[in-house]
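To start, the structure itself, in structure tokens.
Naming follows writing order (A, B, C, D and E), and every chain is counted from residue 1.
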């Protein structure tokens, strides 16, 4: 479904990603793990068109490489960025509506789904996004992404700042979303949980893929254990 | 039991009709690592904001070193020895990583040379030495968290308020940061620690307060907290196995 | 070496509109001079209305371009600054149209002025209406050098006529709404309303005066705004407004009517008094310079000479504190049925003043 | 240390220049005085605008404070110009402290606009009061004052140079000191800065005060040099904007940026104003003076110089977003 | 009587200020840019109205139907060609760019139309309704007040309710996130600048029959527009609307009861006082982080 070949990306003159090759099949959950500054977020930004890149990215046989970010969203590739990026002077409800900017027909249905997942958002419908707590904003960001009816869901550290209870809720939700037919590319520092729910995973180190395999394989890989799981 | 350095006395904070913190009372003893946990939106960050003068307290008092500091400005709070990090990181984006930490170090020295020395040392401690010349704004999120830590350490605080400093770090990196925090404690700093990573919290904190919807739910040792059924229901859920 | 004369003017900035009239007047003068066979290198400089630029322009003209005489600058501020340097560089300066009295009151040997200074504006205007015995006066004027200077002298002149001041309103230029100010003036019910406005704010003021029904016995306009062709075209509001001017096209000075005609043909608009001043100043300067050829002799030539052209008789004299000042007789004109008519002093006028004002 | 050396070399070089140009070339010296003045003004602005990131659009107020105080004291009380300049600094300091107490609670756009409002209040008050000369301005008729020959350009040249060197030295000292770091921290993130112990109001006021004092000295020198001031020459918003423009085109927040900006913009404006560009084309024989192009240039370039200035501003911002200094950095 | 007259004149002339302020506020709000070319864009509107009147013989108020789309397009293109390139640049660069563009516009106008002011005289340019009690209500100001009110209401509804309006607001708060919602942020900026330009030009056209038309005529309104939109709270349409009327009334009252020359000082003092007690302006939101 998503095929990335020879991807190079960076900021200005600084190259961060080199020669990345990744593919995702429909219905998969794929994790990308790596230490801080390895380039995980950069990879997601390149896919969703926030930053320019060279190489080829094809999604459902269409090239995304030259498309602008908003065109990529139209194709169903939805990115929940790290750092939440909430519309801070809009209410929670308006934030969610902006998520559904492109697929207004499924709006009510999607909204129900989001409210069921994160009841606090329904409760705080009228609060300004910027005044929500860190974790609440994270929920809002995920909810807002869901409002766009993604086909491919790019999640950047969705559990960041969430309580253990909600971390579980989110991982369960990712599974459920995936079950409903959405392909997921997941970047997480919570390596254990993310690999556990993933079909496959990649390990990225200073901008290159150094390891790949099924979730199970990676979890049992001694290097992964040492580097990310603290074992 | 040693003298408490920080006393939170019936502190409340309302935002319009929204009660973020309600009548919270607890005390932190000198030279302890004290945990502050609770579900999202429980009021932890708000409590930090109240203590450091970023938002006015609705009622109650904050006492630091036997001094009431309710109405102190943020910079004054820092100068009497209490420094916080930001959950939503606030790098000084177009300054270099080194300069960021030097700004922290200037709290204890007037000389640029001395500040630079302290900064270099702290950057090495948190593992950012290789990044000193980079612009702070260009760091990845995990690295920015480390920068936050280095910057407050450079102020040599008497008390450190850490807001999810390990968020965005993996287990291995978290472990090294935790070790660093222990070292800092050894040097005489008291630490109040907000974190959702329960493994980290239980492994490092000697005492923990749990907030829920702005109210103090429980207080105790890690063992007491993790076995408290109310805490499990409100916060930990079934997924946690310590 | 060819004869070199400098010209400093404000062709950009706030004063650009009047500056353009001076540019045109000067251009016509040069054209006339060349057709008479006078070869002159005429170096033009813009000061944008900024005294610092005017000084730079003057220093450039006298030390680098080697001019032996300079015409300009237009604005009083710039003229003041340049005038204070003229004796240092010993290059004569002929000020064509700046009104500030000080310029020729500091005893500078190299500074000459063609036009009448600010105090004359109010003097002629008040003399023109004096026979009708008005009792009260109100002032409405722009907060500019010229506005303030003119009203200050008007206050002195009015006091000596026994006029009582009932309102004094200074305004910042460029406002869209003067209704509150004018209502206040209306409430004071003056016989005379003495106005100083530039450009188009004259039209604004008169429009709004009509709106709120301000109708004194006479509107006296001192200042460029009330003498423009554009103002005259707005018959509905401008009829019977009286104004002071340095020059009119129907005055019986030699060549005035002809100048007006040729100016109209060349620039497709009527000349303002600034254009006439610039024309005459350039003509006098170049003519004299052509005969004298050095700065020192030029100064003597200007001092000694006398001329009679479109600005009437010109002679740079020393009187009542002024030096090298042309004692220029100012004119009073009134708009009558869309036409500008010279109504005072009697020896230059064909029509009679209409008093009192009525709409 | 290295920068201090460069400043010293720059000062020595600039101090020697008039020996080669000479008193007989007052026009060039005059332009150089303008360059030095704009460099000093823009460097002084840079301390609050560039380092502390507080975009003051009201610096004309401090310039005007120096200029007006000096001339009023000379004109009305016949006081020594040095006393005038010192009094000007006191007035500028007062304005800075009052401004600071009003506007430093504001952030971003609000700050910029409030600083304009303060400057406009001062401009309009000067215009309306009598003792300031009002709309008529103040003309200093004296040619010598306390033994100083005001017609000579040399004292003003060295005066402005000294002011610039002092400003640069202060800037360099600040930049490497705690205060400089604190100002930059304030520029980047005020919350982060205050959480690290930085007293925002204190440091902002300190920066504004230093900047205002230096600016007011430039105003005093200007007033004595030109000997005529009115609100449009020394208190206008245009002056404030020109100061900022110079800093940005040179490179904001850097030591040498404002100097470079002044070196480029002042002569450029002068060349455009005096139609030197058109003349040069004629002199080089590229266009003939009597050809239609030549006549067009002669007639229109003179009118269009502000237009050309605008075009150059736009091009600079689009293609040199980091200023001239940024260009050098990139090449390196 | 004097009081009532001052109040009525103030409210009516405040209407045009309001429109100028709203245009500025919108550009502020959506693009976070202080537009120093705003006055020059107003000037463009004035000339458009003037030429529509003299060349096409269209009444200036009717000509709005033409002026609004033309100036919208002009603003849209201006954004696409220039402003767009500095959108990620520091604030000061954006300000200077608009200053530069303003210089280009006003000086091009100076070359093209000369510095002679143009006067647009309609049949109602100096007409007023005079009530029995002696109150005079300017006809052109009344008309433009009504037009301003309608435009303000429409704009408010557009921003609050329509999906493009919401997208505009989202873009103003976080460009990157807005992109990720599928919003074409480049287009949104251009639309915002287009609307801002159209509003400025409309304000210019509305004032043309009672003002004079000159290449630098917009400059008198620049500071006023800034004052209004800061007073009202940046980005707030309603705030700018109310701000405009407040400024109009304060000016008029100050001219009546203090003096004409101090009225601007009164306005600025009021402005600073408001900011001292409400740093976010009258209608500005405190917001989150």
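In the analysis below, contacts are C-beta pairs under 8 Å (C-beta built on N, C-alpha and C of every residue); 3 or more make two chains touch, one makes a residue touch a chain.
Note that the coordinates shown come from a computational prediction; the quantities given were computed from them, not determined experimentally.
Enquirer: What is the touch distance from chain A to chain B, in steps?
Expert: Tracing touching chains, the least step count from chain A to chain B comes to 1.
Enquirer: Show which chains lie in contact with chain C and also with chain D.
Expert: The common neighbours are E.
Enquirer: What are the mutual neighbours of chain A and chain E in this structure?
Expert: none
Enquirer: Among all chains, whose Cα centre is located farthest from the one for chain E?
Expert: B
Enquirer: Look at all chain centres (mean of CA atoms) and spot the one farthest from the centre of chain D.
Expert: A
Enquirer: Report the inter-centroid distance (CA atoms only) between chain A and chain C in whole Å.
Expert: Using C-alpha averages as centres, the distance is 74 Å.
Enquirer: Based only on mean CA positions, could you tell me how far chain C sits from chain E in angstrom?
Expert: 36
Enquirer: Between chain B and chain D, tell me the centre distance in angstrom, where each centre is the average of that chain's C-alpha atoms.
Expert: 45
Enquirer: Residues of chain D that contact two or more other chains, please.
Expert: 124, 127-128, 303, 306
Enquirer: Give me the residues of chain B that touch two or more other chains.
Expert: Only 88 qualify.
Enquirer: What residues in chain E touch two or more of the other chains?
Expert: Chain E, residues with two or more chain partners: 107, 110, 261, 264, 289.
Enquirer: If two chains touch, include that pair; go through all of them.
Expert: The set of touching chain pairs is A-B, A-E, B-D, C-D, C-E, D-E.
Enquirer: Along chain E, where are the residues that touch chain D in the complex?
Expert: Per the stated touch rule, the residues are 28, 34, 82, 85-86, 89-93, 95-97, 99-104, 107-108, 110-111, 223, 226-227, 230, 234, 261-262, 264-265, 268-269, 271-272, 275-276, 279-281.
Enquirer: Would you mind writing out the residues of chain A in touch with chain B in their complex?
Expert: Per the stated touch rule, the residues are 11, 14, 33, 35-38, 41, 82-83, 120, 127, 131-136, 138-139, 157, 160-169, 189-192, 226-231.
Enquirer: Could you list, by residue number, the parts of chain B that touch chain D in their complex?
Expert: Those in contact with chain D are residues 52, 54, 73-76, 78-79, 83-84, 86, 90-95, 99, 102-104, 106-107, 109-112, 115, 151-152, 155.
Enquirer: Chain E touches which residues of chain D in the complex?
Expert: Contact set of chain D toward chain E: 49, 55, 102-103, 105-110, 112-114, 116-118, 120-121, 124-125, 127-128, 237, 241, 244-245, 248, 252, 300, 303-304, 306-307, 309-311, 313-314, 317-318, 321.
Enquirer: With touch defined as at the start, can you tell me which chain D residues reach chain B in the complex?
Expert: For chain D paired with chain B, touching residues are 176-178, 181-182, 184-185, 188-189, 191-200.
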